[in-house]
Structures are given as structure tokens and as C-alpha cells.
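Per-chain numbering from 1; labels A, B, C, D, E, F, G, H, I and J assigned in written order.
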Amino acid sequence: MAHIDSLTQTLLTAKSTTTHTFASLSTLLGRDEVAIAALFYGAALPSESDLQHLSTALRIPYDELKSGFEKRGFPCRGVGMEMPPKEPLVYRLYEIVMNYGWAYKAVLNEMFGDGIVSAIAFSTNVKKEVEDDGSEWAVITLRGKWLPYKRF
Amino acid sequence: MAHIDSLTQTLLTAKSTTTHTFASLSTLLGRDEVAIAALFYGAALPSESDLQHLSTALRIPYDELKSGFEKRGFPCRGVGMEMPPKEPLVYRLYEIVMNYGWAYKAVLNEMFGDGIVSAIAFSTNVKKEVEDDGSEWAVITLRGKWLPYKRF
Amino acid sequence: MAHIDSLTQTLLTAKSTTTHTFASLSTLLGRDEVAIAALFYGAALPSESDLQHLSTALRIPYDELKSGFEKRGFPCRGVGMEMPPKEPLVYRLYEIVMNYGWAYKAVLNEMFGDGIVSAIAFSTNVKKEVEDDGSEWAVITLRGKWLPYKRF
Amino acid sequence: MAHIDSLTQTLLTAKSTTTHTFASLSTLLGRDEVAIAALFYGAALPSESDLQHLSTALRIPYDELKSGFEKRGFPCRGVGMEMPPKEPLVYRLYEIVMNYGWAYKAVLNEMFGDGIVSAIAFSTNVKKEVEDDGSEWAVITLRGKWLPYKRF
Amino acid sequence: MAHIDSLTQTLLTAKSTTTHTFASLSTLLGRDEVAIAALFYGAALPSESDLQHLSTALRIPYDELKSGFEKRGFPCRGVGMEMPPKEPLVYRLYEIVMNYGWAYKAVLNEMFGDGIVSAIAFSTNVKKEVEDDGSEWAVITLRGKWLPYKRF
Amino acid sequence: MAHIDSLTQTLLTAKSTTTHTFASLSTLLGRDEVAIAALFYGAALPSESDLQHLSTALRIPYDELKSGFEKRGFPCRGVGMEMPPKEPLVYRLYEIVMNYGWAYKAVLNEMFGDGIVSAIAFSTNVKKEVEDDGSEWAVITLRGKWLPYKRF
Amino acid sequence: MAHIDSLTQTLLTAKSTTTHTFASLSTLLGRDEVAIAALFYGAALPSESDLQHLSTALRIPYDELKSGFEKRGFPCRGVGMEMPPKEPLVYRLYEIVMNYGWAYKAVLNEMFGDGIVSAIAFSTNVKKEVEDDGSEWAVITLRGKWLPYKRF
Amino acid sequence: MAHIDSLTQTLLTAKSTTTHTFASLSTLLGRDEVAIAALFYGAALPSESDLQHLSTALRIPYDELKSGFEKRGFPCRGVGMEMPPKEPLVYRLYEIVMNYGWAYKAVLNEMFGDGIVSAIAFSTNVKKEVEDDGSEWAVITLRGKWLPYKRF
Amino acid sequence: MAHIDSLTQTLLTAKSTTTHTFASLSTLLGRDEVAIAALFYGAALPSESDLQHLSTALRIPYDELKSGFEKRGFPCRGVGMEMPPKEPLVYRLYEIVMNYGWAYKAVLNEMFGDGIVSAIAFSTNVKKEVEDDGSEWAVITLRGKWLPYKRF
Amino acid sequence: MAHIDSLTQTLLTAKSTTTHTFASLSTLLGRDEVAIAALFYGAALPSESDLQHLSTALRIPYDELKSGFEKRGFPCRGVGMEMPPKEPLVYRLYEIVMNYGWAYKAVLNEMFGDGIVSAIAFSTNVKKEVEDDGSEWAVITLRGKWLPYKRF
């Protein structure tokens, strides 16, 4: 199971008692759905405005919500994730990195030179596409700043 | 270093002696750049037409190229990749999966129900975007078929 | 021990106080026995009808059962399983994959081409066979959709 | 890549120069296709008759074939397999064990009592099924003798 | 420390308050001492008669004992053991397997052919021998059914 | 595969060209069969007399044999063994240690006090037993000196 | 942190409320300081006399102390230690084994023949030495019985 | 086997063709035997004088010896050692660290305060002691400078 | 998350209720900010004066603070840190060691000879630098005593 | 040993035959010493000017040097480094990250907010300091751009 602290539990429970979805919260907060879920699971930090929207939408008293996030402090992203992931959906993403890792590196180095894609100056989102035959496809976009190695 | 068999070596050397890039080969073969690199590193299978284009473009005799791929047989994707990846660029992709894995799962499950994103019925590509301030961004798109768990 | 949350405990205890078996529940719900056990251990999702049948058969109040499954949310299959498995029965299945993995791959690639057997569009069941000498045999059938690699 | 000794290489190369498939060799030797592939990869032992059939079918001199197998000696099954498997097809089988391991155990213990499914007194085969919509399914059957724990 | 559930604790405490030893319980139940200890640590299943003898000998109410074992269910042997074992005595046994593993395999394959020694159709016992110089020796006997690989 | 240096290879090849077995060599050298195999695999040291018997029996020139063993030097037992063992026969022995490790410790501590069974002041042998129903059983005996912890 | 059971906690707390040190307890019990600390951390067994001295010195009622040690049972040495050790002082000892392991083996084999240094028939102590320049040195002595491999 | 580069091989072979032992070389070079072996295995650096003595004693041309050591460069101590060590003698030392690690730390912290024993400002030696009953004991002394944590 | 004992919790909570920062505490105690944080997380020891300043600044009763640190005892640095670190900031430091480890060693050996940089006789601090374009840079300084290997 | 490809070997050998040091090459190329060593070990990319200076200084034909670096391609930093590092000097750096990782994070988050120190937009250098008492200290400076998490 995901790394679930008591705030995650509070948020998930509150969300399940409203009609809100990650999608509707995304509209409300003006952040991507993955970022909303990341707020829930402790991999992102809320702004003051995020706190107010979440408090209203999920009917969690503002002070309780604020102090919950303060108690977490700065996110320790990744700490609660067992690797390699056993959960099948997450494993598929891991497998893509494993199978195409060198190919991504070769293409990106050719395109940009010696450097990396930032996972910090980074955003991501998820979309659903439906083909004519009714099949559904998930499109995950990763957008990261290119950081060239600094010469020293 | 990547898992490099003698065919990878042949392909990389041949490419370096021409003016071809993954981008130009992509146009030629009608496949995404990552797929071209995947052909090089042994994570994809060439079609008959791919073989002919590669042979001409990289000036590798067709028979040598064909027999090189035949000797590889069906791809053993992922086998040459040490995990967790130590190479910084590949690690950043791994880190994205680690940091946002549960968030992706939560959003995807909400959007599609109980299932996974296929890494097989799957395509990917890489684009460069340049912002007004000159900063460069890499946009990696992952597109996988949604596979719902079959009830049994 | 298996990854046992409080719902698993509730279900196992309830089952032990009735005369129900995985086999009888299988008949009742119209699902394979392994699927029934997977419901217990958190590796499958119940339908509305499954919930009603389980509630009646195991004498667990419907609301308690429903909320137990809701609290679990979408299954995190595999998360509670230590690998390599130490439990001898499970290890035997693991050993089969380890011993015959390359053989399965070779035969399946020859039969279907470049792709994989889905573990998601997938069903499985277990049968007992008794030979003339009284020896008992377990027959486990795995049936997965063949997914060819998509060209990109 | 699979654990490939020189005999595996010899066998695969010889097979690729004939029209034989694992399927046709299966008919010839009277063994399941997976067993034929297991002979190739060093996870099974040939009988005298297997040697003769393979020699003829694959046009490998009998003495060379026989001495190749003798040099291997008794199979060291599983030794060449990296676990967890990185190759996607083999991983799917591994994932099935990981996801449904406790469910299999629960059902089998109920059905047979305290014991295990043998991976030694064991056979397996693979079949292709095509549904009306043209989708293809792989059916893998595992059949192992039930071994009850001996009281002592 | 060993994997100790509450039943293990109950049994060990009860044993320490009587004059019973594994040896005396062995006589009483007609099982080897190692099997008695395995009952304590959750690696074996008691018969009806075992339960009655243990209840009387250890002065644990029969119903409490029976329900303790029922709650455990079918044994998950091995699950509580950290490997490699850090405990020195258990490590010595592990070391014997590590040092002489290939030698055992070579001798057993020569003696019996292609197969394994069952760890299920298996019994074991421990004896003390004292030499003339007063030195003490532990003799551990492992007796397992030989299982030849089934041809398929 | 086992850790096979060139001496192991020489010994195994030589043995296969004579009619000698581990059993017949055991008689000749006056050592247990497992010890003979351990000499082959580098887990034991030959005496002068062992060298002479092996040289004669396996038709390896004495000087070649002697210098082969000298080049190995003092045995590095265990170094060539991957743990956990993937080879099924060796795994069964490993599994016995894993399943019954705490039970052995409990019984041995009760029998001898605080200490360990030596794996150095140690001998082992393997016997075949055939039951009335024709079933074959392997009996492995481990005999190690009991070493009490020294008070300090 | 070290593997600290409630008895360790009791002993450490009691020691901190008296003026006793491992050194003074060493004098009192007639055991080396490391052995005293090993008693605290569960890696050694007290004699009857040890119990009495510890009870008096640390002002822990004798019965409480005795039952604390009885509840622990025979020591499971090493079980609470994470390896490789992260704690810097313990890591330095580990590093010495890692850096000089083969050198120790080479020298000891030359000196004693084929065998090992016992870690059971073993004692150890720690001394402080101060050099003329005021620098302090720790001298750790390990003394173990030499155990030659038994011929079999 | 130990991490043996070609210089180690040269040194060991040369030593075996003379009557020199680590002990006699120790006298010659004025270094402890373990240090001599460490020179062989690449865990120590020779002085100019060491080179000359080794060259003469082992009849290796000085220039060959000097260039062998130069090619190694500064020692990469520990790099060739698999941990946990599988070799039984080295494992016993590892086990001592594992079993008594916390006890050493407790005693040393009490004796010296907050700090560590240096493994760099460090020496070690090995001695043989024979007791009256003829039993042999190895005494390994570790002497390391105490390094207090610097306040910052 | 970091290894947080109850004292860490107390300190962090207390700090959050005052206006103190690591920076202001650094001024107060005369220790670097990293050392202050290390006190919080259990990787450093407070002096008497540190205790008094912390007590006053964070409004924690002196006795409670003192006894909290006493209960911790001598620091077990590193014990609460999962390696490789999953937290992205800490991973970047780890990556620097991984990427430039051999380069640091080569430069330091050339500069100082055969030895190591002490992590014990060691201090560190962190500074912020802002470039003309407004970009912020963190400068981490590591200063460790050079320890040459002692000849023995 | 470090991950040494044939270019590393060429560079190290060439350097040892001149009077050049990392320090003198640093002056020549205008890069930090660690960067020079990183060029040697494959963790940095040379500029055109670097190639020319290295060619002249180390007397390696320019074309050979250029083609050696081209064959390496874009650096795969970190790939040749075993983690945790066994080499003592590199381990000390690793230990600093392990011991003070959370402290660095706490201080940096307070100083800069939610983000990381870049290991890419990064430079480092090493200096020697000698104190009045003659003791030598290594000062390693890490300077990385602060990257705040991008809101999305």
C-alpha cells in the first residue's frame, strides 16, 4: 500500500464523502490532477490558496488541514515507495523506464547535449483518449527542464 | 554503460560515420526517435522495411544487418538495465515514478477504474520546447492502452 | 504470513464460522475460487452482487462489508508479498517461473510473435485431478490475452 | 538475455536453419513445446530417443549433440535466470505469482490440505486460443503432483 | 528473534512452567523433537491427538489451544525467518548448504538421477552423541523422498 | 552452474571417461562421497594419499593433479555459491534450514545448552533407502561437534 | 539503534541511575566489559552469580532480573544488527574485516592450516592505550580457538 | 575467491617457489604478517625498502615488481570482497562484528566518549597460542586510534 | 521520512512554535546550522551549554531536554537513513558521491598520499549564494582531517 | 577498482609517464582538479580545447584521444561505481551523506524552501589546508544550483 500518514487518510476519507474527484479538485485549485493526488500522498506542498480550497471542498476545518500539512513539513518525496514497485500499474511505469531508459538517454543527449531532464523543474499530467473502436488510452506527459552539465 | 551487444556497437559506429541522427532516421523509417534508439539498444524489433532503410542510411550491408537482428531474436527488453539506474538522466525518470507513482495510480484508477496502463500496447516520444527565456524543456509522452482487470 | 488487513481477518473469521468454502462461494458468486480468495486477500474487487452474496453467505452486515472494501480502495495487488516467497507452496510457483521462464518466452514468441501474456486481461483457476493410483494432482490454468508490442 | 551456453547457441542456430519449430519438434519427440525449449535452454534432460530426433531434425551430428548434453551434466535449472525477471513476458508470470500467491495457497490448502504443488513431478504446456473478435489468448497449464507434508 | 506469534509465546511460557521438554513432549506425542518445536514456532500442524496431549501436558485449556492453531491456519513455513540467518547456530546449517550444496547435488544426481530431495515428504531428527573424550556431537538427520523430474 | 575452476573441469571430465563414480572413489580414498565431490568442487583439501588415488583412478598425471590443487590453495568454501540457491535440489536443503531453523535451535539449545553445531568439526554423508512400495528416499546425515559459548 | 528489548532498556536505565560502569561491573562479575555489554544487549547469557551481582549493583529485584533473562531464552546473537552496519564505530570494525579479510585468511591458513577461528570458543576485550603525545588508542583483542576442518 | 589481480598471482606463485612464508617476510620487511598479506592482496602499499626486500626474497625482478605496484596505484581496499563474506574463516570475523557490535560500541563510548576507532590509523597482528591441552588459539589484535567527533 | 524519535518530534514542534530557525540557533549555540539540525535528528551530541541555550530558546524545560538526550545515549549516526536515499535532495548528494567518487579519490590521493578524509574529525556548513541573474546556489563545505594509513 | 575503460587506462598511463599531475592539468585546462579526474574516469566531457591540451600534455596523439572520447559517447556517470562504496575514502563521503542527510535537508529547506541542490548545475573542488600543528585537512566544496519544485 502507499505510504499513508494520517493526513492522507483524512484527505481520502473526506474526499470519499463528497462528490469531489481529483478532476474536480484540479479545476478548483488550478493544479493538475496528479499534483492534487501528490498533495494527498505527501509528495507536494499546498499553497495558502490550495489549503483554503481543499478545506472548503473536502469540508475539513482549515486549521486542522493547515496543521496537518505543517506537521508533515517539507515533503520527503519517494520515501514511502517500495522499489521495484510491486503494484502492477506503478510497475508498468517502472518497466517503461527500464526498457527504454537507454533509448531515452540516447535521443535526449542527441537532442540537447550532455545533461538531464529535471524531475524538479517538472510538471506532469494524465489524459484519457478514446479511439474509434472504443479502446481507452492513458496519455501521461512528463515535462522537465533540460539541465546541461555545468563545466567546472 | 548500456547493455551493448555487437549489433548495438555496429549501429552506433555506423551512425557516427554518417550525418544521420535519431531524428533523421525517425523520418526515414516512420517511427519515433525513441523507437529508433530502442532498435539500436535491442528493445525493439525492425520490420522488413526498417531493415532496408537502416541498411541504406547507415551503409551496413543488408544481410549483415538482417542476420545481426536475427541473432538477437525476440527482444529481451530491460535485461541490460541495472536498477535502480545509476546514470543520472535515467535516474530522473525513475525518480518521477518513485515520487509520483501513487499519485498516478490514484488519478488513473479514478479516471479509468481498476486496471493498468499497458507498457506493451504503448508508444512514446520526446519533444524539445524552448521557452521565451531561452530555457529548454524536454517533453516525454507516454501513451498506453488502458487494460481493465478481467473479472473471473 | 500473507498481507492481512482487518477486512481479510474479518472475511476469514466469518468463513470459518460457516460451512462455506472457497468452492461454495465460487458457485454462489459465479467467480473462480482463486478470485474469491483474491477478494479475501485484497487482490480483487467485488461487484455489487459479490458484496451481497458475501454478506449473506458469511453473515457480515452488508454495510460493514461494503465500507471495508471501500476503505481498501483500488487493489494494490502484490504489495503484501515478500519476494522471493519463503512460503514453500508459493515458492514452487515462483520456481516454475524461474526454471521455465526462458522456455515459456521462446515458445510463446514463436507461437504469437513479439509480445507478452497479459496478467490483467487474465483469468486463472485450480482443479484437482486424481490418478488411478490415488495420487492427487493440482492443475493450475493461467489464461491471459496476448498483447503484441505496438509499433511506434 | 537468457543463460545461453554454447549448446543452447548450437541448438538455436540449427533450428533457425531448418523449418522446424518448437511445435514441430514437440510432435517429433512426443514432448510438450515448453519441454523442447527447456531442452534448448538447459532446463531439461533429453532421452536417448530425444537425442536421435533432435540430431536428425536439426542436422547436428549425433555425437556432437550427445557430448554437448553430457558436458552440461544434470540440469542446474533456474541458475541462469535473474530474479525478479526484467524481461516483460517473464515478469508477467512472476507478477501472477506475486499477486495471486496467497490466493492460490488458500484455495489449494482448502482443496488438498497441508502440502505443496510439486514443481518436479510436474508438467506444463502452452496453447493458443482465438476468440470470436480475433483476440488471441495464451493458456498456460501447470500440472503438479500434490505433496502432503509428512508427519514426523 | 524467531517469528513468534502469540500462540508461540503461549506455548513457550506454558512449557517453561512445567517440567516438560521437547524430548518429553516428543515421547508423549510420538513425534520427533524438531516437529514438536516446529509446532511451537508455527512450522507444523497438530493432529487432534497432538492437541489433546499438548493441552494436558502444558496445562493450556483445549479450546484455547485449538482456536490458537485454527487462527494460524495452514502453516506459512519459513515466512518468519530472515535469510541469510544472523543467528549463529542457524547460520552454521546455512553454511553447510552453501559450502557443500554442489557436492550434495553431484552425489545425489549420481545416486538417484535427475530430481530433488523432497523437503515436504520429509522428516528430520536430532541426536546427541558423546565421544570417549567427552566431546559432544549433534547428529542431524534429514530424510526426504526422492522426486525424479517427470518427463513431459 | 556451480563455481567450476579448471581443476573441477579436469576432474569431472576425467571421471566421466572412467567407470568411476563418487561411490567407487569413496571406497578408494576412504572418504565419504560428499567429501569426494567437495574435493572436485574445491570445498575440501586432498591428503597426499587422496592425490595418489585420484591420480591413478582418474588417470590424471600426479604432478598435474598436485599442482592443480596447489594453485587453488586453501579452500574458499562457499564462495562460488549464489544464495538463495536457484538450483532446485540445493534450494530444498536451504528451505529445510529456513523452515526448521528455529525449531533446530530450540531443540539443540535444550539438549546441549548455549552453543552451536560446528560446520568445521563436521562430517556428512548421503544414503539411499528404498521403501517397500519402491519409493526412494535420500538420507542426509550432518554430524557436527557441539561448541558451547565460552564464558568471558 | 541497537536491538533493544525491554530488558536492555531496564538494564541501561538502572545502570545510568547508579555510578556503575561496564568497567566496574566487569570487576564485580569477573567478566570482560564487552561481555557485560553483551549481557545488556542480549548477546550473552548470565550465570547465577552474574544475576546476583547485577541485581545488587543495579538495584533491580533479583526475580525481575531472572525472569527477564528467562523470557529472552537462549541468545539470538546478531539478530538485531543491520548489516552492513550504518553506525560509524561499528562500521569501522566491519571495514577492517572487509579490507583485511583475505589477508587474515592467508596468514591464518599458513600459521594453522585449513580451518577457522572460532567465534564461539571465543573471548574478546578492549583496552585503552595513551601514547606520549596524548593520543588515545583502542586495542581490541579477539581470541578464538582454532578449529581445523575434520577429514571425512 | 579473493580479488586476485595479476600481481597477486605473481606474488603468490613466487612465494610458493621459495621457502618464504608470511612470517619470514614479516621479519625481513619489519611489518606484521597481515600487512605482508595485505601487500599481496592489494590492501597495502609497499615502501621502497619493501620492494627491494620482496624482490630479493621472492626472486621477482625489481622493475617488474615496482611497475606491478605502480599499475595498481593507490589501494582500493575492500573492493574485491563480497559481503557478507561466504568464506567461513572470514565470516567468523564478520559474525564477531555482528554479534558484539553494539557491545563494543557501548564499552568504547563509555571508555572514550563520542567517537570511533580508526581503521586507518590502525595496525593489526595475529598470534598463535597453544594451551596445555594442546588446543590452538588464534589471537587477533586490532589497534586503532581513537577519533573523537569534532564539535562544529 | 527521517528517523524521528520522540525527542526529534519535541524539538521540531518546539522550534515551530517559536521564531527560531536553524540559523538563529546556530548563532546562539555557536555551532553550524547543520550541527544544530544534527542535534535535532540525533546525529550529534549537545554540550551542557547547548542544552541550556536550546532549553531557553525552544522553551523546553531543561530537565526534560537533558533527560531526552540522555535517553538517546551516544549517537547512532546513520542508523535511521535508508540507502540509497529516496528523498530527492539527499539523493543528489548521494549521486555526487557516486558520480565523482573515483575522481575525488584520485585527486585526494595525489594531493595527500594514501589515506582518507575523516568523517569524524570533520565539520560541514551550508551557505546560500545568489548570482547576478537572481539564481540561488547552495554551497556545501566538507572539511575533514586527512588520515594517512599507518604503516604496520 | 574504479570502472576503468581503455581510455582511462591510456590516460592514467600517459599521465604517469609525464610529470603532470591533476593539479598541473587543472591549470592547463582551466578546470578544477576533480573535473580533470572526472574526464579520466569517464564522468565528464572534454571541450575541443581540453582535448588539445590533454593531447599535448600527456603526449597522446590528438586523433587517438578524440576518437577515444567519441567512442565513450555521452558520459554514463555513476555506472561504474559499486554502492555502498567499499573503498574507504569514498565510503567516508558516503557516510557523511548518510549521517547528515536529514540535517542537510532540514537546513536547506529552511534556507531555500521546497527544492533540491542540483548535482548537474554543479561544481566541486578540493583544497588542502594545513593547521599550525601540521595536521592536514581536506576541504571539499560542493556548489549546486538551487532548484525549487515547480508548481503544477
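Heads up, the rule we're going with is that a contact is a pair of C-beta atoms (placed from the backbone, for glycine too) under 8 Å apart; a residue touches a chain by one contact, two chains touch by 3 or more.
The chain lineup, named per UniProt: A, B, C, D, E, F, G, H, I, J = Cyanate hydratase.
Small disclaimer: the values here were computed from a predicted structure and weren't measured.
Participant: Just to be sure I understand the contacts, which chains border both chain G (Cyanate hydratase) and chain B (Cyanate hydratase)?
Facilitator: A chain counts here if it touches both chain B (Cyanate hydratase) and chain G (Cyanate hydratase), which gives I, J.
Participant: Compute the distance, rounded to whole Å, between the mean C-alpha positions of chain A (Cyanate hydratase) and chain G (Cyanate hydratase).
Facilitator: For chain A (Cyanate hydratase) versus chain G (Cyanate hydratase), the centre distance works out to 48 Å.
Participant: Provide the C-alpha centroid distance between chain B (Cyanate hydratase) and chain C (Cyanate hydratase), rounded to the nearest whole angstrom.
Facilitator: Chain centroid spacing, chain B (Cyanate hydratase) to chain C (Cyanate hydratase), equals 33 Å.
Participant: With chain centres taken as the means of their Cα atoms, state the distance from chain A (Cyanate hydratase) to chain I (Cyanate hydratase) in Å.
Facilitator: Chain A (Cyanate hydratase) and chain I (Cyanate hydratase) have C-alpha centres separated by 30 Å.
Participant: Taking the mean of the C-alpha atoms as each chain's centre, how many Å separate chain E (Cyanate hydratase) from chain J (Cyanate hydratase)?
Facilitator: 55
Participant: Which residue numbers or ranges of chain C (Cyanate hydratase) touch two or more of the other chains?
Facilitator: Only 2, 34-35, 73, 77-78, 81, 83-84, 86-88, 95, 98-99, 105, 109, 115-116, 118-120, 122, 124, 145 qualify.
Participant: Which pairs of chains touch each other in this structure?
Facilitator: A-B, A-C, A-D, A-I, A-J, B-C, B-D, B-I, B-J, C-D, C-E, C-F, D-E, D-F, E-F, E-G, E-H, F-G, F-H, G-H, G-I, G-J, H-I, H-J, I-J
Participant: Which residues of chain B (Cyanate hydratase) touch chain I (Cyanate hydratase) once you look at their complex with the stated criterion?
Facilitator: Touch residues, chain B (Cyanate hydratase) against chain I (Cyanate hydratase): 84, 86, 88, 91, 95, 98-99.
Participant: Tell me, which parts of chain D (Cyanate hydratase) touch chain C (Cyanate hydratase) in their complex?
Facilitator: Interface residues on the chain D (Cyanate hydratase) side: 2-3, 21-23, 33-38, 40-41, 43, 77-78, 80-81, 83-85, 87-90, 92-112, 115-119, 122, 124, 126, 128-129, 135-146.
Participant: Which bits of chain J (Cyanate hydratase) are touching chain A (Cyanate hydratase) when the two form their complex?
Facilitator: Its residues touching chain A (Cyanate hydratase) are 31-32, 34-35, 44-45, 47, 73-75, 105, 109, 114-116, 118, 120-125, 145, 147-152.
Participant: For the complex, which residues does chain I (Cyanate hydratase) have touching chain G (Cyanate hydratase)?
Facilitator: Contacts found on chain I (Cyanate hydratase): 70, 73, 76-79, 81, 83, 119-120.
Participant: Report the residues of chain F (Cyanate hydratase) in contact with chain D (Cyanate hydratase) in the complex, numbered from low to high.
Facilitator: Within the complex, chain F (Cyanate hydratase) touches chain D (Cyanate hydratase) at residues 1-2, 12, 16, 82, 86-88.
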